[in-house]
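You will see two complexes here that share chain A, one where it goes with chain B and one where it goes with chain C.
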Partner chain A sequence: MSNRRIHVDYIARAEGDGAFDIVIDNEGVLKKASWQVWEPPRFFEAFMVGRKAEEVPELVQRICGICPHSHHISALRAVERAMDVTVSEQTVLLRELLHYSDWIMSHALHVYYLAAPDFLGYESVIAMTENPDLLPIVKEALKLKRLGNDMIVCLSGQEIQNKTSVIGGFTSLPTLSDLNKMKEQLKKMKDFAYSTVGLANQLASQVPYKDLSRKCEHVALSDPDKYAINDGRFVSTEGLDIGDWEYPQWIMESHIPGCNAKHSVIKGRDSFLTGPLARVNVNFNKLSKDAGKAAGEVGFNPPSFNPFMSIVARAIELVHAIDTSTELIDAIGKPVEEEPKFSYKAGESYAITEAPRGICCHGGKIDKYGVVQKWDIVAPTARNIYNLEKDFREFIPKLLHLSDEELTLKCEVMIRNYDPCQSCATHSLKIRLRREGN
Partner chain B sequence: MSKPKLAFFKLSSCAGCQLSVLNIEPVLLDVLGAIDITYFVMAKRSNYHGPYDIGFVEGAVTSPRELEELKNIRRECNLVVAMGTCACFGGIPSIKNFTGMTQRQMEEKVYSELWDIKSIPVQGIDYYIPVDHYLRGCPIDLEEFLTLVKSLLKGVNPHFRFHSVCNECKLNENICLLVNRGKACMGSVTASGCNALCPSLGRECEGCRGPASDCNAESLAKTFSKELGLDKADIVRKFRKYAGNTSEFSKGAGDNE
Partner chain C sequence: MACGIMVIGCGNTWASDDAIGIRVVEFLKKSYDIPSDVTIVEAGCPGIDLLFIWEDVPAVILVDAVTGFGMPGTIHTFDADHLLPREKMPYSSHSINVIDAIELGKKFRQLPCLLTIVGIEIKSEESFCLKLSPEVEEALPAACETIFREIEKIRCASSLTADTPL
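Then we have the complex of A and B:
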């Protein structure tokens, strides 16, 4: 008689390397559920020291290939705050448009490439293309993801790492006709994005996902006037409301043996959730009209504490991102050439943006020569790990009747709710499930 | 004839180069018709052991565990491609090799519990194993990726020429950022293939594709110092960023002085 143990060496369709380890004793009691990130450490926080202020946004975007623009914009804002650099309204709008482009790419990638195969019982989106009924959907999904990428290329030169955005503004701007073309493309993909909400809801409504719920603190950036993405106060469903620059005093980290990523709690509180579900819960009334309508049609009632609804929240945000991008293009109008300018000044500051998968915090200290003295990175995936472990402890006991194979798959789905990118834990997946008594 | 088996592996990196492979949306389904992706953890759940025909390796080696994995990859793959600047030269993580700190000091700076952190200086993969082809860039260039795949499918060597970015920049009829605008552009020492992407967007080249075939880094370092007034530390930072491990860029950072 031995433990029942589920062990998966890599979590497929997640970015980076990680593992999880689940042990169930012969009474059917869960003894251990831990997610191990063994993404090798790259020491960003160590080697940022001694680099120049203008290099910070260029370097930190290389933390993560899926949300480079989130790291980039957080770092830009932190550096600009520290050195008292102000940017034009046009730059603020273009950065927002850039970040929404990244959301469109990343959410489309997540819903169709990474999550849908789990729910539909395929090993990958590649396998889905072999089903003639699914092929047209996959083709549309490719177009939606391409839209996000085309927007990013138009604004920043390349899909993945930003080439144009620097302290103080942009070195190169899209033309009015580029932006108008973008608007046409957004219009074309709107219906498909809208239908994604219904599809996501069908996926998440399968047994056992639809009945699971676990209350925890959901945190997101929030702004009284709009759905916050690049700027706003740091707000939670449990009444937290602080300036985003104050995060180092509130988000506490501890390093847990066996895991290269750090565990997070809010000071004086507990683990928390960040990402699309938290954002939709905190900022529901700021969603675009059609995003709100799509949410209503599938019966999404905020706040939802069912982590499996994350995929629906992501789809709702897709609609919102398309609507808001269109509005931003109108607000930008014909882009005006501006020389990005700044001068070095000693200072210390911090900033948060909403990466597709949750809050992305950057900040540090710069001396009067513009040399970085200290840099702090709080990446989204690492924030969620502790909360995910709590999901395991809550839900796995309810799923013990399943075979090891099925239970492993359910655990992977649970992980994928968080859209984890382990590289961005800065500091990846294996599932080990062991049942004692089998 | 059966389709060639491709595998994608990740060492220390941001996964951006793997994601680039998924960013070929318009031709992705065509490419999938010509090859078999048998190992790609980021994209699929069913992954199979080798042998593979072509293995793409993303990322640098930063830990003993990765070194073991890399040796295994070499055994399992007929051709090994270093995919992206981290795999080619060490990339951004290689900055840590030049911080003046020891591994231990760096580990202590970032982590509080050190018992399971094992890191080694960052190297590109050909420091440890023979590599058949290189895709440079941070991230890789999609056209180059497709050219390489098409060439290997036909059984010919891809025709990549690593002359300097300046060549492509001139063909794009850009105004020189270094000479005319006083920006510390690395284009003259950096390998082309990106179609002078950054300089064409008004941004100085940062050297992400590593040294050009006719790289004269010492001369550019002198220009940075004399013409632009950059101090020594600024120049060292320039050459110790994406490809600081290479002997060519080390000369720019003043290793021969």
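Then we have the complex of A and C:
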């Protein structure tokens, strides 16, 4: 066997500039599997220094067009915690509803438009629509995505960066009528979301690597009373249980040559996974009743350490997001006008929220005049990079019998399955395959 | 059904010439009297959300960057039946771009009755650059004139199509 080199240079349907480089020696042993993120740093952390604290949650939304609310709410909570700002129960509920809207939009897009073509062997979602059986499903999926978009507009005033949510609360509220209409739409899409779990499981079952399982530490926010999204302790499948504000002491980052994104490990341990699969594994018993039922019907048995089960976890979370959004609307009732209030106070704190792709970390130090002295931001994709490399090291040796073309495709599928969004860092990821010795 | 013509500008204002669609509609609003039946939308990088933006709008002129067709600043017009290859237009989040969105719109029967794409050949997509290249910037007035010509064509076409209220 000759040496083989797989250099992943461009992958469609993923976000961010980067390359994956894999080298297999002539004994068939994997010598190298590394993800090189080329995307230049955007210096958002440095932009925050010298800004007033209330500007930070607004500015950090610009990091990402897909999960701006995750960055926004993480920053809100970090600033409020640092300045001892308390918010009303209504604000807590509205923020959760806003974040679940983002999950619905993002999960629907990923499951049907980005991941499904891979599992079904189509080049893209457009090719999928050539199949008359799949066309109505893809069209219905767009309605589900749209539901998330519409909820975001209703709550935040516009589709991407919100105009209503600020330190201390909301400057503008949806009406009861708006929320009731939202509830009706959620009800209409529930059955489709439920059916997504079965479909996702069928897709995951078709892949030749369904038995790939690599035990690693899965981390997620966790709350004894609910499925954590905006608040909770930072918990893992390996017994880690810390306050979310303590993450800088527990998650260590290091620079890797050739990669503009840092590698993350838990102090004294190893790489870890964050995102839907980790959340469902950590918080399975906090899922909504129907989400748990849907998971049971497809035989999802937590904890699952097969990364390809992420698509099933996303689908389960879609059902949960719809159920919980409905419950949140009921709990909010008729929104009551409240004036968001805060005063400057020196402090330092950190916070985590669960973005659609996993933990989104923000925090820093604010002086007594409300001026930011330092700010830390780490997006979920950056947290997962090292873990993805480790999956590759497990995965590729089992697929060496495949042709270059097939092996490259499998690598692409694996990368896309992580749903990397380096837009919190980037634009597009590239894949190239090369066999040494040929 | 909504009435009127929608002019949609697409692009990333932080990526030099990629912003041309946005810059054209800004220039249009600043330099011309916009007819009352014309709505201007700055859509950024909408991806598949284009299908929501033009929902129920009978006639759309979409303005975006194109590459690989000639000198920077050259203006091209296309319709939905004669689309560019998808790699000729910028990618959006998760790589669903304008061409993908139009193709899906065809499949879902969610296209405007009349759709024209005005593509402006670009030179640079430099990140964090807010300026257009000089030759692309010079194309702004010509791009606006193209849009007005297309508006007139739409009006002529609609007068022949009684069931397409404009």
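The criterion applied here is as follows: the second predicted complex is superposed on the first by the 423 of 438 C-alpha atoms of A that agree within 3 Å, B and C clash if a C-alpha of one lies under 4 Å from a C-alpha of the other, contacts with A are read in each partner's own complex, and residues count from 1 in each chain.
We adopt the following convention: contacts are C-beta pairs under 8 Å (C-beta built on N, C-alpha and C of every residue); 3 or more make two chains touch, one makes a residue touch a chain.
All of these numbers come straight from a predicted model, not from anything done at the bench.
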| item | value |
| --- | --- |
| Three-chain arrangement built on chain A, chain B and chain C clash or fit | clash |
| Partner chain in contact with A:146 - chain B first, chain C second, else both or neither | both |
| Which of chain B and chain C A:50 touches, first, second, both or neither | first |
| Partner chain in contact with A:68 - chain B first, chain C second, else both or neither | first |
| Partner chain in contact with A:206 - chain B first, chain C second, else both or neither | neither |
| Partner chain in contact with A:171 - chain B first, chain C second, else both or neither | first |
| Chain B versus chain C as contact partner of A:113, first or second or both or neither | both |
| Chain B versus chain C as contact partner of A:158, first or second or both or neither | first |
| Chain touching more of chain A, residue-wise (chain B, chain C) | B |
| Residue range of chain B overlapping chain C upon superposition on chain A, of 113-121, 149-157 or 185-193 | 149-157 |
| Chain C-contacting residues of chain A that also contact chain B | 12-15, 40, 42, 65-66, 109, 113, 124-126, 129, 139, 142, 145-146, 149, 159-160, 421, 423, 427-428 |
| Parts of chain A lying in touch with chain B, wherever the complex brings them together | 10, 12-17, 38-43, 45-47, 49-52, 55, 58-59, 62-66, 68, 109, 113, 117, 123-127, 129, 139, 142-143, 145-146, 149, 157-161, 163-164, 166, 171-172, 254-258, 260, 412, 421, 423-424, 427-428 |
| Chain A contact footprint on chain C (complex, rising order) | 44-45, 48-49, 51-52, 91, 93-96, 100, 103-104, 107-108, 127-128 |
| Residues of chain A that touch chain C when the two form their complex | 12-15, 40, 42, 65-66, 109, 113-114, 124-126, 129, 135, 138-139, 142, 145-146, 149, 159-160, 421, 423, 427-428 |
| List of chain B residues in touch with chain A within their complex | 10-20, 22-23, 25-26, 28-29, 32, 37, 41-47, 62-63, 65-66, 91-93, 95-96, 99, 101, 106-107, 109-113, 115-117, 119, 138-139, 142, 197-198, 201-203, 206, 234, 237, 241 |
